[in-house]
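For reference, chains read A, B, C and D in written order, and residue numbers begin at 1 within each chain.
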Amino acid sequence: MLEIRDIRTSYGKIAALKGVSLDIADGGLTCLLGPNGAGKTTLIWTIAGILKAHSGSMKLDGEEISGMRPHSIVSKGVVTVPENRLVFPEMTVKDNLIAGAFSRRKEKGGGLDDLEEVLERFPRLRERANQEAGTLSGGEQQMLAVGRALMARPKILLMDEPSTGLAPIIVEEIFEIIGRLRDEGRTIFLVEQNAHLALDYADHFYLLEQGHVTFGGRPGEVDHDELIQRAYLGARKAS
Amino acid sequence: MDAFTISVLSNIGLFSFLAISAWVLLICGEISFGQQAYFAIGAYAGGIATAVWQWPFALGVGFGVVLGAVIGGLVAWPTTRLSGMHYAIATLAFAEFVRSCLNVFSYQREVDGYLTGPDGANGFRDIRWAYEAGVEPLGYLGIIAAGLAAVIGLIACMARGRGMAQLRIVGEDPILAGMQGLNVNRIRIAAATLAGGIAALGGALYAHLATYVEPAQFGVMIGVHSLAYGLIGGLGTVFGPILGVLVDIGLLESLRVFSSYRMIVFGGLVALVLILRPRGILDEKTVRRIQAWLRR
Amino acid sequence: MAAAVEIQGLSCRFGGVKALDAVDIRLSPGEVLGLIGPNGSGKTSLFNLLTGHHNPEAGAILLDGLDLAGQSPSQIARFGIARTFQNLRLLRRLSVYENVRAARHACAPLRDAFWLSPAARRQERDSLMNLLDIFGLSEKAQKTPAELTLVQMRHLEIARLLAADPKLVLLDEPAAGMTSAETQAITEVIATHVLPGRSAIVIEHKMQLVAALCPRIAVLNAGRKIADGPTGQVLADSAVRQSYFGAKPC
Amino acid sequence: MLLDIVQNTLDGLAIGSAYGLLAIGFTLIFGVMRRLNIAFGPSIMVGIFAGAWLHSQWSAGMIPVFLATLAGAVLASAYVERISFAAIRGDAALASMASSFAIWMQLEEAVVHVFPGRTYAFPTLQTIPMLEIGPVFLRPEYLAMFLTAAALILLLQWILTRTRFGLEVRTLADNPEAARVSGVNVAQVAFLTFLLAAVIGGVAGFLIAATDGQITPKIGLWATMKGLIAMVIGGLGSLRGALIGGLVLGVVEAQAQWFLGAAGREIVTYTLLFLALVMLPSGLAGRADAGARTEALRRL
């Protein structure tokens, strides 16, 4: 569905992505693993159009999306759930969700027809629909961020470290939600630190190190422990 | 030099004090809309000292500078903890407060048979030291240049010492500055004291050149102008604000051909410069490059 | 002079989220502690509390028996605590040299603001250039940080930290974004230049660095300390592996 | 004495409602851009002179003059936005402010060029007789000013809470990064917010000019000062605060003017402003300036 070819992005003179190529297949969960500072978040922001790649191409169903502005990319159906649960803290939960449907303004009903469905999916949000989002707990804010993204009817959902800063029990809850979304046949691209958990849900994964994709495959094809050893513990092993 | 050139150069010199004063605070990360207050304080205090009290010129100017610096420090003491916008408006409020106080400030004494001294909104006439001492406009330009050289010299010393670096670190990242052990509040108060003194020096010199000052001359407009000079000229060096003044007053005068369109032309020019160079013409990077080139 | 650190029952919260929950950590003089845990587990919050940027909700921090609670960050810096930052905190518009020199301006007498004798200037310059030399940055002294590579920026932060000659150093992911070889190099630099004569707490995800530098590690998870002890032992602990590397026990 | 105070309060509330509108214009721009547009007042001034021109040329009635005022303010604001905000990178807040000052000089010069005299006449509402409510007088133009301002604020409230555009404005003010990932066209919304602010400011300018009956180019400086001050008194970034700030400023000015005269009014106003800033930096609306602080700490 999304073909990324040789994307290079840098901050000032620091090259963060040094030619990244990967494919996000239609339906299913593609996972990107890698240590801190490898460029995972940079890749998400680049796909979302907030950072500009200075070379390379990104094709969504054959259509080039690199160079488009962020709002155009959202309206093409590539929607981000950013790290650290970027919600609108001073707006109500409901308004946060409505904000998710901005890209669908031209549709009949302004794209608000999914509001009920999203509230159905997250009963905790329905209870707090008129509360300010800043008053929600971390896990609820993460649900809200996912819900907001769903309001845009995404073709691809980009999720950046949904487990950051959450207690383990909440992380499991979030991953159950992600698993459910995958089972519904949605296309998800997940960046995650928690490798074991991510590999349990992933259909396909890539390993990003130092701005390069150094490994790609299916979970189970390789020894997970060895992979994690490599990605997170910095041990040098031949691949 | 003809009279016109001398008066233009004198104006450039006097505005430079005000511009440098605002620049010192900009370096320290603070936007002040109110440096004209210290300019006014310097002008009135210096004028009163020489014209009413009949002090010698140097002492009178010195009095103005000290008063400006002390008030600058005192005002900074409660305001430095305010965040950017609030600080800017607080300085504006203080400057307008000073101006409106001068509007009702009357202090006249009889000197040589004439009533001399500030008289509220009617202003303050006959600050005649230059006339009495027989200093020609060219000579007075020399005095202004000497004052400016002293200020630039002081700032050069601070650049060789720790002062300038301390200001810049606080201006760049006050939180990091704290973690390097710098007392951010104290440095900000010191910067405001310095800025107050510099503006007051300009004001005292201005009063003795003009011989007449009135509260209306110290409105917000010149405060915002002096802030803009630093931003246009560049924040990298003390010559930035002076360059800003040169561009404004120098160009304004030389663009007389444009007659009444000159503000339109100048405003457009400034806007263009800022689009191309958001930190002004002589920004930090350019200055470092020039320094490296000079060292070679 | 290395410092002894005692953290007792430290708690803090941000916007309703408990970032730290009754954390106790003791450090004897000269000891180096590795601090690990998943993202968001409160490691950086602990550093922010130590440097005085957040006030604890409860608990105490003692440095050589001196209570740091309520002290300003600048005061704490002068007591001898210095740190680096996970996201790098460099003065963007100042030169590399001025970035290192930033650590030398604290506590200077007022006279120094206006005048440094040529001898003092030369001495300062020599010592700072030596420091930059250790990190291979002396060539870049007049460049801005933006002209450095990520690895050089991390080195620069460590150089700045050393310029302050602190008693306790806090390193926040010094090897983030580095290759194994670069990690190896920075590990050696830290071991030879930073740690001797100092106490240290090191946050790091790369076990390569932690194992080489820290004889002891503590693990935070969701704001609580879940393990503390000799490195090998802690890493073998299944609870730690579970919280850190994922739910699956291995 | 007490009667005077009541009378002054009524007058002050009317003027204050116009100050409130100016402050709301500033707040909208500042909230969405996080940058200060000090050319806001001068843009309104352009509008007012456009209205005055229509009035003097064709002795146009109130409604065309009103529309011309809005149109002038909107056009001038659009120009400021393009040159000083859209063209300058978002992180160069100082440059934007200095640039808006440069444009201010341009606008003022342009107006002075077209209207070389000092003062110009503006159509007034004074044909309606004075209202008497017991012992208190109510100037009809003040009543009109207050009611118009109130209606406009209600309309703005409706726009911001009930329309899609309003929601977009709020997302941008609340969290620009999240707004971007939600598909908000940031540049477009910022531009439209600028124009919305210009309309609000234009109404305020029209009300003030129609009350005074005469205008000078100084009204640009005046509007910027009053708007900024009211915004800061109320607490940065809150629309409710901006309105409260405007009303407080209006009442304080009216009382001080009555009891102390023009010079005294200035001294009292600025002393109060200074003290309010130092003692209540979060403004009367009481919302702490937490935004800037968290922003700074987030980098840790």
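In this text, a contact is a pair of C-beta atoms (placed from the backbone, for glycine too) under 8 Å apart; a residue touches a chain by one contact, two chains touch by 3 or more.
Only a predicted model underlies this, so the values are computations on that prediction, with no experimental measurement involved.
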{"item": "Contact-richer chain pair (by C-beta pairs counted) among B-D and A-D", "value": "B-D"}
{"item": "Chain of greatest Cα-centre distance to subunit C", "value": "D"}
{"item": "Geometric centre distance via CA averages, subunit D-subunit B, whole Å", "value": "30"}
{"item": "Chain centre separation (subunit C, subunit D; CA means) in Å", "value": "48"}
{"item": "Rounded Å distance, subunit A centre to subunit D centre (Cα mean)", "value": "42"}
{"item": "Whole-Å separation of chain centres (CA-atom averages), subunit A against subunit C", "value": "31"}
{"item": "Interface hub residues of subunit C, defined as touching at least two other chains", "value": "53, 89"}
{"item": "Per-residue overlap in subunit B, given as positions that touch at least 2 other chains", "value": "175, 279"}
{"item": "Residue ranges of subunit B in contact with subunit C within the complex", "value": "154, 157-158, 160-163, 165-166, 168-169, 172-173, 175-184, 190, 279, 284-285, 288, 291-292"}
{"item": "Complex contact set, residues of subunit D against subunit B", "value": "30, 36, 38, 83-84, 87-89, 92, 94-99, 101-106, 108-110, 112-113, 221, 225, 228-229, 232, 236, 263-264, 266-267, 270-271, 273-274, 277-278, 281, 289, 292-293, 296-297, 299-300"}
{"item": "In the complex, subunit D residues that touch subunit A", "value": "164, 167-168, 170-171, 174-175, 177-186"}
{"item": "Residue ranges of subunit A in contact with subunit C within the complex", "value": "12-14, 35-39, 134-135, 137-138, 161, 163-168, 172, 193-200, 209-210, 224-225, 228, 232-236"}
{"item": "Subunit B-facing residues of subunit C, complex", "value": "51-53, 72-74, 77-78, 82-83, 89, 91-95, 98, 101-108, 112-116, 121, 142, 144, 160, 164"}
